[in-house]
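Order as written gives the chain letters A, B, C and D; numbering starts at 1 within each chain.
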C-alpha cells in the first residue's frame, strides 16, 4: 500500500474540517452593527484556536509521514482514529465558542484535544514499532516528553474546567503556541544523518 | 484513463462525506450542561458507526483498486454508483441518530448500507470481469461469501427494524466490527504471488 | 503550468459540490414515519438527477483533459467559469427539489444546466483553439452536435417551464440519460491513432 | 518537505471555501416566484465576487509556487496564515451579501480581503527571502506595486464603507477585475530566462 493515498485522504479530511468549522461562525443575518459582530467574538476566538490546532496537526502529520515508507494495516486504523477525533473539532469548537465560560463545553473541547493528542501519540508509536527502535522517527522523537506532556495538560484542563473554565482556555492556547514553533526534531535528525 | 484521478475523486467524496456528517451533530447553542450533551449521545453513536463504515469502505476500496491497472467506462459508472450510496450516509445517519428506536429511520439506515454493499459488490464484479477469472482480485476474493453475507444481513436488518429497531442496530454494529479486522485476502494473495 | 493542479482543483470542487448537495436533503428531525420520508421524495429525485449530472461532467472533463498537455491562462479561466456554474448545482437542486411543479425553480434549474453546458463548450473550444484544428480533441469532437444540441434543449426547457414544469423535468432527465452512455468519441479517436 | 502536499492542502482548502460559500445562498424553501429569487440577488452578487477572488488567489498561488523548490517552516506558516483569511470568505460574504448597503458588514468584507492580500504579500516575501534577491520570483514581482496598491485600496475601502458602502463595493469589484487579467509577470520572466 502506498502512503500517497493515506496522505491525500488525511489532507482531505483536515482541509475539510478546517474549512467547515467556519460554517459554525454564522453571519448575523438580521443585524448589521458592531454589536452583532462583537457577539461573534468568542466563536471567532475558538475558531482561530482550532484552526491553529488543525494547522499544527497537518504540519506534524506531514513531517511524521515523511519518515514512513510502507503503510501497514495497523497504521491505517491508527490514522483513521486520529482523523475521527480531529473530525469532532468543528462541533466541539462551536459549542465551546458559544459558551467559553461554562465548564461542560470547555471540558468537552479539551477532551477532544486530549483524545486527538493521544491518537497522534498512538499513531507515532505504531510507526516506530513498525520501523524499529533505531529508526529515524524513533531517534527524532526520543521519549517524546513534549507529546506526552501535552496530553497530560489537556486532561488536566478538562478537570480544571469545573473549577475555572478560563484556566482551561489559557492552557489550550498555551499548548498551541508551544507547537507553533515547528517541531524541528525530525528535520534536525534528518540533517544530522545526511551530514554523516 | 488513469486510475489516479478515479482514486482522487473517490477519496475526495469519502473525505467530504466522513467530515460533513459531523455537521449533523449540532452543538446545543442554548444549553451548556451535561444534560444537553447527553441528548447528543444517540447522534454521536450513529456518527461513530458511520465514520467506521466509511473508513472501512475507504480501506477496502483502496485495496481493491490496488489490483487495477486500466479503468474502463463500466468501472467508472459502478464506482460512481457506490459513491452515490455512500454520499447518502450523512442524511441517513442524521435521521437514524435522531430516532434510533424508530422502525423507519433505522430501516432506511440499513437500506443505504445494503445498497452501498451491493454497489461495492457490483464494482468488484465489474473489475473481475475486466481482468479475467484468473486475476489477482478474483483469486483473492474467491466466492466473496463475506461481501454477499453482509448484504443479506443488511437487508435482514431492514426487515427486522419493523420488529425491533435495536436488533437492526446491533447487526449494523456487528457487521462493522467484522470488517474492522482488515481484509487481508488481497494482501495475502499478493504475498503468495511474490513468494512464488 | 501543469495540468495536474487544474485537475486536482476541479476534482476537489466537483467532489465537494456532489457531496454537499446532500446537506439540502434534510432528515426530518421531528418525524420518523414513512410519511416524513415520502415528503423528501421530490428532493431525493432532484438529488439523484444532479448527482448524475456532476458525475457526467466529471467523467467528460476527465476525458477532455486527457488530451491536454499545456494549460494556458485562457483555459484556466474557462475552467473556473465551468466550476462556477457547477458550484450552483446544490442551490438550484434544493430549490427545484422543493418545488418541482413550479415554473421559476424549474426554469432556474435548467438555466444553471444550460450555462454549465455552455461553459463546457467554451472550455472545449478554447482547448481546440490552443491545440489546433488537427488536434486529437478537434477530431474526436467534430462539430459537437451533441454538446450544442444539449445547450439548446436546456434553454428550450427553461422556456417550457412556464408552460408545464414537468416537460422541462423530463428533458433534464432525458439529456442526462443521453450522456450516461459514456462519450466514447475521444477513446475511439485515440484508439484509431494508436492502431495506425 | 515536498511542495506537493502544501499545494494539495491549499487546493483542498480553496476548493472547499469556494464551494461551501454556496451553502449561504439559501434556496427560499417557502417561495417559488421571481420575487423570492430577486431577494437572493445581493447574496448572489457577493457570491460571484468572492468566487472570483478565490479563483484569482488559486491562480496566483499556483504561479507563485511554481517558482518554489524547497518548502521551509516559515513558508508553511505564512501559507496557513493566508488560508486562514481565505477561510473567512464564506462568512464575510454571507454577511455582506445580506447587508450590501450597511457600513459594518461591507467594512468587514473589505477587512478580510485586506488581510488576505497582506498574508499573500508576506508569503511572497518569505519565499523571496528564502530564494534570494536574484531569484526568479523576486525579478518577476519587482517592487510589487500591484500587490501593495491593492492592500492599500482594501483598507481605504474599509474606511470608506462608513461614508458610503457602495463606494467600497465598487472598489472590491474594480480590484477583482484588475486581477482577472492574469498575472503574466512570472510567465514573462520565465519565458525571458528560457530564451537567453
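Simple rule for what comes next: a residue touches a chain if its C-beta (ideal position, glycine included) is under 8 Å from a C-beta of that chain, and two chains touch if they have at least 3 such contacts.
Everything numeric in this text was worked out from a predicted model, so none of it was measured.
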Next on the checklist: From the C-alpha centres, identify the chain that is farthest from subunit D.
Outcome noted: B
Checklist entry - Between subunit D and subunit A, is it the same set of residue numbers doing the touching on each side, over half shared, or a different set? => result different
Checklist entry - Cα centroid separation between subunit C and subunit D, in whole Å? => result 27
Item to check | Rounded Å distance between subunit A and subunit C, as computed from the means of their C-alpha atoms | outcome: 38
Checklist outcome for this item: So subunit A residues touching two or more other chains come to 8, 12, 16, 20, 23
Item to check | Arrangement of touching chains [line / ring / star / complete / other] | outcome: ring
Next on the checklist: Per the contact definition, I'd like the list of subunit A residues that touch subunit B in the complex.
Outcome noted: 1, 5, 8-9, 12-13, 16-17, 20, 23-24, 73, 76-77, 80, 83-84, 87-88, 90-92, 94-95, 98-99, 102-105, 108
Next on the checklist: List the residues on subunit D that touch subunit C in their complex, please.
Outcome noted: 7-8, 11-12, 14-16, 18-20, 22-23, 25-29, 32-34, 36-37, 48, 51, 55, 58-59, 62-63, 66, 180, 182, 184, 187
